[in-house]
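Paired with chain B in one complex and with chain C in the other, chain A is shared by the two complexes that follow.
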Partner chain A sequence: MSEEQTVTIEVDGRELKAQAGAMLIDVTDAAGINIPRFCYHKKLSVAANCRMCLVEVAKVPKPLPACATPVADGMKVYTRSPLALAAQKGTMEFLLINHPLDCPICDQGGECELQDVALGYGSDVSRYVEGKRVVKDKDIGPLVATDLTRCIHCTRCVRFGAEIAGVRELGATGRGEHMTIGTYIEKSVDSELSGNIIDVCPVGSLTSKPFRFQARAWELTQFDGIAPHDSVGSNIHLHVRRNEVMRVHPKENEAVNECWISDRDRFSYVGLQSDERLTAPMIKRKGGWTEVDWPEALDETARVLKQLHGDQVGALASPASTLEELHLLQALMAGLGSNHVETRLRQNDFRGKAPSFPWLGRPIAELETVDAALLIGSNVRKEQPLLGHRLRKAALEGAQISYINPFEIDLNYAADQMVDTPFGMLADVAGVAKALGATGGLIDSAKVDETHQAVADQLKQATKASILLGNIAAAHPDYAILCGLAEKIAQASGATLGFLPQAANSVGAQLLTGKGNNAAEMLANPCKSYVLVGLEPAYDFWNPAQASAALKAADSVIALTSFRSPSLEQTATVMLPMAAFTETSGTFVNAEGIWQSFSGIVRPAGEARPGWKILRVLGNLLDLPGFEQESSEEVLAEIRENLADKKPDNSLGDELPAQQLSQTSGLQRIGDVPIYAVDPLVRRSMPLQQTHDAIAAAVYINANEAGKAGLSEGDRVSVKQDGHQATLGIIIDSNIPDGAVRIPAGVAGSETLAGQFGQVTLEKA
Partner chain B sequence: MGFKNQPMTNVKPVDDRESLFSPEIRAEIDKWVAKYPGEWTQSAVMAALRLVQDDNGGYLTQELMDKVAAYLNMPPIAVYEVASFYSMYELKPVGKHKVCVCTNVSCMINGSDRIVEHMEKRLGIKLGETTGDGKYSLKEVECLGACGGAPMFQIGTKYYENLTPELVDSILDGLE
Partner chain C sequence: MANEVCLRNMDLDRPWLLEQYKSRGGYQMLTKILTEKTPPDTIIEEVKKSGLRGRGGAGFPTGLKWSFISRNAPGQKFVVCNSDEGEPGTFKDRDILRYNPHQLIEGMIIAGYAIGATLGYNYIRGEFWEPYERFEHALEEARAAGYLGENLLGSGFDFELHSHLGGGAYICGEETALLESIEGKKGQPRYKPPFPAHFGLYGRPTIINNTESLASIPVILEKGGEWFKDLGVENSGGSKLFSISGNINKPGVYEIPMGTPFAELLEMAGGMKDGRPCKAVIPGGSSAPVIPGDMMLDLTMDYDAIAKAGSMLGSGAVIVMDDSNCMVKILERMSYFYYEESCGQCTPCREGTGWLYRVVHRIENGQGRWEDLELLEDVTKKIAGRTICALGDAAAMPVQGMLKHFRDEFEYHIEHKRCMVGA
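Right after this comes the complex of A and B.
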């Protein structure tokens, strides 16, 4: 704040310093002076349509809206003067004219801004005796319930859609008394951030559908948590009643998730109550599953593990496992003489040196200030919704965002998209590198086209630019080459290389694991025995067919899991019920490298136990050293000590792998993982599974390729990949390039196929 | 940023704008587009809706509104908002003569109730309805800015002021 920009104003007799031009309400909010409001929201544009924030300003005859009045030097404001109070009371009375008196059956009751403000600023009785207006509710999808009769037309939800979600789906149609919020046509609201309109709505007009009529606000106890579905590590509030998580809200943290969370983080909790929760240890005997008690299960597990030594056993864990779980898993394996612990289950190309501490490359909040970014193999908007949101903010400020992907993605801002087959992607990345003057490997033979040159120029001219590798890149058969090329682009353009880590603890997992055989090796040369943590073989591996076969061939498979599932029951020999993310303490390292710890806030389902405890007891039973911890904090302290000198570091080895593994012949599969298929919990959240984004297994193919194969929309085809087969429907999709088909992974229907990428053949079924 | 100080456009504009409307309509809309700064094509939405409505026998359909949205590169919902806000846009078929009676304060004080009652009786329809033969529609509107001649109504582009039931009869008699 420079001297001449600072003004002094007086509010209710208090002198305040403020930046000239700031809105009065921001200044009073910062000073802790409360002015009632409905339409104002600090993250949205000023609408000034509710008039609740009227205050008196000296020398101005009429009251002014604090949210739309810029401060000026010497301004004298009275927020509680007779004029201000009368104005606020008047506004309140008008707002209540058409507001129903249904607070007793309204989900917002008890936490409603209208109730609070009416109590604080309204009058006790209503003079209005005429009929109230009624608005028909609209169905806007499985996540948000509408009671539009309660709407006070603040338009926060409309502005949220336009300005934050970046999709103009909701609008205010009609006029005056006939104005209603809605989509006008029958349509669901499909943004991946749509749940936030529940929070921005000051009344009970937009509420959570899954939470509808489940509990009253005052019955809930609030706990802090960390969202477990992507590498943002959004801070959340979990609202609990009688040992059950009833709903999830964002917890404000400007540096991480601002005041938003993705729908995935908000509604995944529904899956916690799934019928498929594993509530007791189970052992497979004579082909059937028997429930046993913990001592028996643990003894059996210890007995099995004791017979193994060294290389015979490998551990595969979800990248959303906590640091504590992974540390103890690593220690358990080490005690058995094996260092095969792997969490990169959706990766197949492990050539080259992996970075020692792969991260975003810059703080999350800084992403919105880049001038240019090149994303390679990423559908960031659906993979890490809030990182997508930061990039969108940058784009709206004029940043040039470009993508190199194997299919065109849906974006909520204008960006350059280079779309090519998995093989062709390499040529694009190499083209950009060459345009920047980089040399070596593929780059030398690359062709530079106009787009490559344009993107290269943008990156070079930018003062702050990021090259980011996403989930699609990580699953690419030539991931190592993509990484190497990305690094060259970063070096040649002065941009920062970054990774968009997949899961809640992908970064943390890299700090602890990955020293022995990688996932691909562990499955290609099956171990005698496997330990699985938090996985479903059918949906969590790059190559589910291969994974299932390797697990089936093993003598024993010990699964720590929160859920039963057919693919686990077929392959495992012991299932140990593990606590879900709300039931255990732990720590995740997010994309930015921030360690965020959380505690267990509800008792685990049935007999389930926190993963770290199960592993610690197993360590004890096997008489292994390093399993004396009494609490997860002690485990964490150990980890901190071991990793004290680890700094985020994205540097790769110098050598680019020479051989290109992605192929050109035939049709190439693109097996991306849809937003609501990423982990076992999300896959069991019914509301999320009913959304538009819950993409089903199918063959997405463009009209040209479909024509060549004599296929049309709706046809059933037999898909063959590497000797594996699935029967799926055809969906014509112009976003897919020639030479490729998109067959999503992680969803029911494609789990019988092989790798996320690779050649497929289609035949009419 | 707010969507008020920056036009909210469609991320993927349509490729074949030409196919949306006839060359005549396009030429008319383009005239309006030209009146506004370059990126604000959507400022022409009101004129475009009027042109398209006139061309369609006096009312708009969702399909037409979607076309206007595509043509002006704006989200469809923003067009629905405009079309449903202003009373001069019709979202359902209307009669050949659309009688827009003002019932706002000045007209009400000067007896618009009587005018409405008279017309409802004469035409056998209520406000907001259309006669069976499709000849007349009766519509209640807010102040049309002709308070000096209250009570008043508008038929087509013409204002009729200082109405009395007798005058209304003679006006309606004079219509085709």
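Right after this comes the complex of A and C.
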């Protein structure tokens, strides 16, 4: 079939041009002709099982399903002829006979495809007088509620799992009327994309558990937003009732998130209602916290800041801060004579020159068309789930995806995984570089094994290949070396170097900040005073023990924050309540370098104010220039002006840092940040915290290393790192290499330890 | 003349053994083809000439089906035999597996040669343990004798054959559900097109034929397509196996020429039990509409004659009922079958089969309503022709047939809340 061949068909008397072989329903959809359907989903394979889309095709005696009928030149189609309508109505009647028709108590009511189509094709009285089918509901986890009696067996959820999520968690077991959707063996649905089955389910069989019985669809007002938890910048719809975000849905954007969102982006909103929201300014007085009004809080803050100048003050901000917040923060610091503003809080190796505009290296959508990719220090599936999804698509099309990681990650496609200690990773990356003929630094002494050679060959032979550095790499003690080696690999193989930025505005933050002392320097040589934006000291730093100590030692710590938390209350001196996600307007720059702005759509909790406004008023109070903006748009306009000529650019300095920092002896910690530990909001979304992926702090160790230390599953051990200590449980995990233990960061229990990487010792507690 | 093709070795002592099969010229056709390197097209032409129509039920011309495969397309192709034999009333393929397995094997190897396939599967009904063991034994014999494996008889042609025991689902007899089942998936029919000839087992070109169709091949090639065709009548070439059961004296499998009068078949099967009158006959498996006995006694057993009478020759399963049978009860049983066996993927069949069964069940149990008869007819019309596979049609047709010919019994049930038979 030649792809470009166009054919002419006639639908209900209208002439339509279409690509030969396209499915009829896609052609009519594009032309705005509505054919009812249930099982069809444009992103899923054709099932043709619901029989709702039956239409009449001239010269064919039986009605044909539009979703499975390829168009052919001269085809005449009737979507509403007596034959077509009879077939559609017939199907509708069948679908309803066993349906509970419990719309008044169904969460899908008002936005149900069955309800909508029944209005057009159903009858007001049922001829079915027999007993109806009842199906026992199943508990498939904290995110998705099931009411399987409502299921119409379209199998969209099953196909979603198999084809998009890449894990066959749901299936249709049983025959005929006994067919039910389920997990077969009782278990939860754990995919990081599982919430999308709520959207693909046309009826109220799979609904959102956190949203359950909270509101009716027609009470909700829909607003646009940008998801704030990773660098994809998924486009979302926020559904609001009476100033409360009730749920989050994807907003379709083929170039960014297609029609999906990750569970993290879908369910984090629950954390907005956390009891720990900071709803009024607070000042620490005589060791205790006192609520004050804004004028008092701002005066006090201004008073503290006024006494400082230059190097005495440093600002540390969440990489999910908006461009506007960071711009004003930068200006405030500059006004005080300091250029120490840093967002790379999970990085410790700042050697070498940072790229001026680090990004993915290619458009997000293009990731699915690579023929090869090498990911270094990345658990992309859990770190940036939808980028992981794009890579999976590439893999299914035959791309060779390889990983170099300090532990084996759980993947849903075939890939090469080179797993080695943090130190060993360097040897692997250097090995691949050497196999490609690169030279210099570690490369010269590297050993090339078969896997290195194979990966090198794949990268070299590919017409489109990416070398990607992930979050684990960014936290690596020799990140600078990894970056340098990755660039060598890219140069030698012709592949494109890219970064998998960690947070919603990691890329944007790089454009504005990082010109003064970096995070490591700011914490190693404590400042007199700190300004914190959107952070929890215990969980948002590479080395939480060091961060807490530095903050405690400071005279003053001004925290702009949406949440109270013990580690903040211990270290801060002033807490200013900052508007959270959905409460403020702003702009993020995503992994691809796209600027995406959003508005505040609900009033901030209590007395909280948008971060940019707090910073602007502080600027005014300090009589600093450049704080006259009336709106966040004005702030953005300034930023745009300043950055007008900035283009995405991943080039690093030429000099490869030659010296390794990582230790070569002793047990090495791998402190990755689990998917639901990445920021204060996610950490407060209870539904996400109840999932399987919300792993707790523990020592993950392989049986060999555990055996050597005389430890077994469930033992409690005292972990010591750099003079710091935590008591944790042992989990035997064959995915961890010899010589290393995985102790996740960002989760309760490991915050008393030091860096995400580094030597640790274990001792039975 | 009976037992000319598939049952032609029935008179032997242990016809399932290789030496016995060979004593009647078994594997000679294959040997000839392999040594003479007969062009595959010649074989397909001969099969076309024979007028052999698929014996699985649909009656599609076998030679034509084989010609759809593009023989020279690269990659693996498959020959699949459908020995699922799930159609109620049908038990002929079981006898082929039990008594003439080598003829099936030979037929499958030739089919493989004809379409350029080197691998075959025989999907055997799950309950057929004994026939399965017979077939497995025959495979071992054939392999040992060099009829299966690599480089058959030094010809350079490879062919391997495996049997696959089903799990006991009627739907797995439907050809694409069968392919899914072999692939290890849930037995659910695929939407067609694409047909198996283009997208079959593991997505590769595949021919799938009934046991009887494939077992007929060696004899057709040995004696010629014309010979086979002339055994039968216009449009229905050859002889065919009929599984006849019900209220008769000698139920069993009979191989007779197509076009044989039903009366003769009935006589071969020992006539009606206790001399009772023949009330009704289902001529082609439970999916075929019922035909009243007196009408049936005037018909011949071939595709056209049965079709003209409003039914189907189907799989050749002839179910004979005398006047002690209540047609409502019979239909209830059949409707229950389709209700239980629907795979459940498409709406009209999943929902409709249950509806049909429940309504018939109510009528049988004295809870029928007058509007139920119209409802039943309407529901069958909403299933038929609107489903992915023919099970939907198969569930609808018996209902339509019963209501057409025995409506009075249903009305009696509704009015008197009990059965007419024996009243």
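Quick notes on this one:
As a working rule, the second predicted complex is superposed on the first by the 761 of 765 C-alpha atoms of A that agree within 3 Å, B and C clash if a C-alpha of one lies under 4 Å from a C-alpha of the other, contacts with A are read in each partner's own complex, and residues count from 1 in each chain.
The rule we apply is simple: a residue touches a chain if its C-beta (ideal position, glycine included) is under 8 Å from a C-beta of that chain, and two chains touch if they have at least 3 such contacts.
In this text the structure is predicted, and so the values were computed from the model without any measurement.
Aligning the two structures on chain A places chain B and chain C in a clash. By the touch criterion defined above, A:46 lies against chain B and chain C together after alignment on the C-alpha atoms of chain A.
Looking at the shared chain after the overlay, A:733 reaches neither chain B nor chain C. Partner contacting the larger number of chain A residues, of chain B and chain C: C.
Of the two partner chains placed by the overlay, neither chain B nor chain C lies in contact with A:230. Looking at the shared chain after the overlay, A:54 reaches chain C, while chain B stays out of its contact range. When the two structures are aligned on the shared chain, A:263 is found in touch with neither chain B nor chain C.
By the document's definition of touching, both partners, chain B and chain C, reach A:172.
Shared-chain residue A:414: touches chain B; no touch with chain C. Of the two partner chains, neither chain B nor chain C is touched by A:583.
Only one of the chain C stretches 170-178, 332-340 or 350-358 carries C-alpha atoms that clash with chain B in the superposed arrangement, namely 332-340. On chain A, the surface patch touched by chain B in one complex and by chain C in the other comprises residues 46, 171-172, 174-175.
Within the complex, the chain B residues that touch chain A are 1-6, 8, 11, 62, 75-78, 80-81, 84-87.
Contacts from chain A toward chain B in the complex involve residues 44-46, 159, 162-163, 168-175, 183-185, 396-397, 411-414. Those residues of chain C whose C-beta lies close enough to touch chain A in the complex are 169, 171, 186, 191, 339-355, 358-359, 362, 375, 381-382, 385-388.
Listed in rising order, the residues of chain A touching chain C in the complex are 46-52, 54, 61-63, 65, 68, 87, 90-91, 93-95, 97-98, 127-128, 130, 133, 152-153, 155, 171-172, 174-179.
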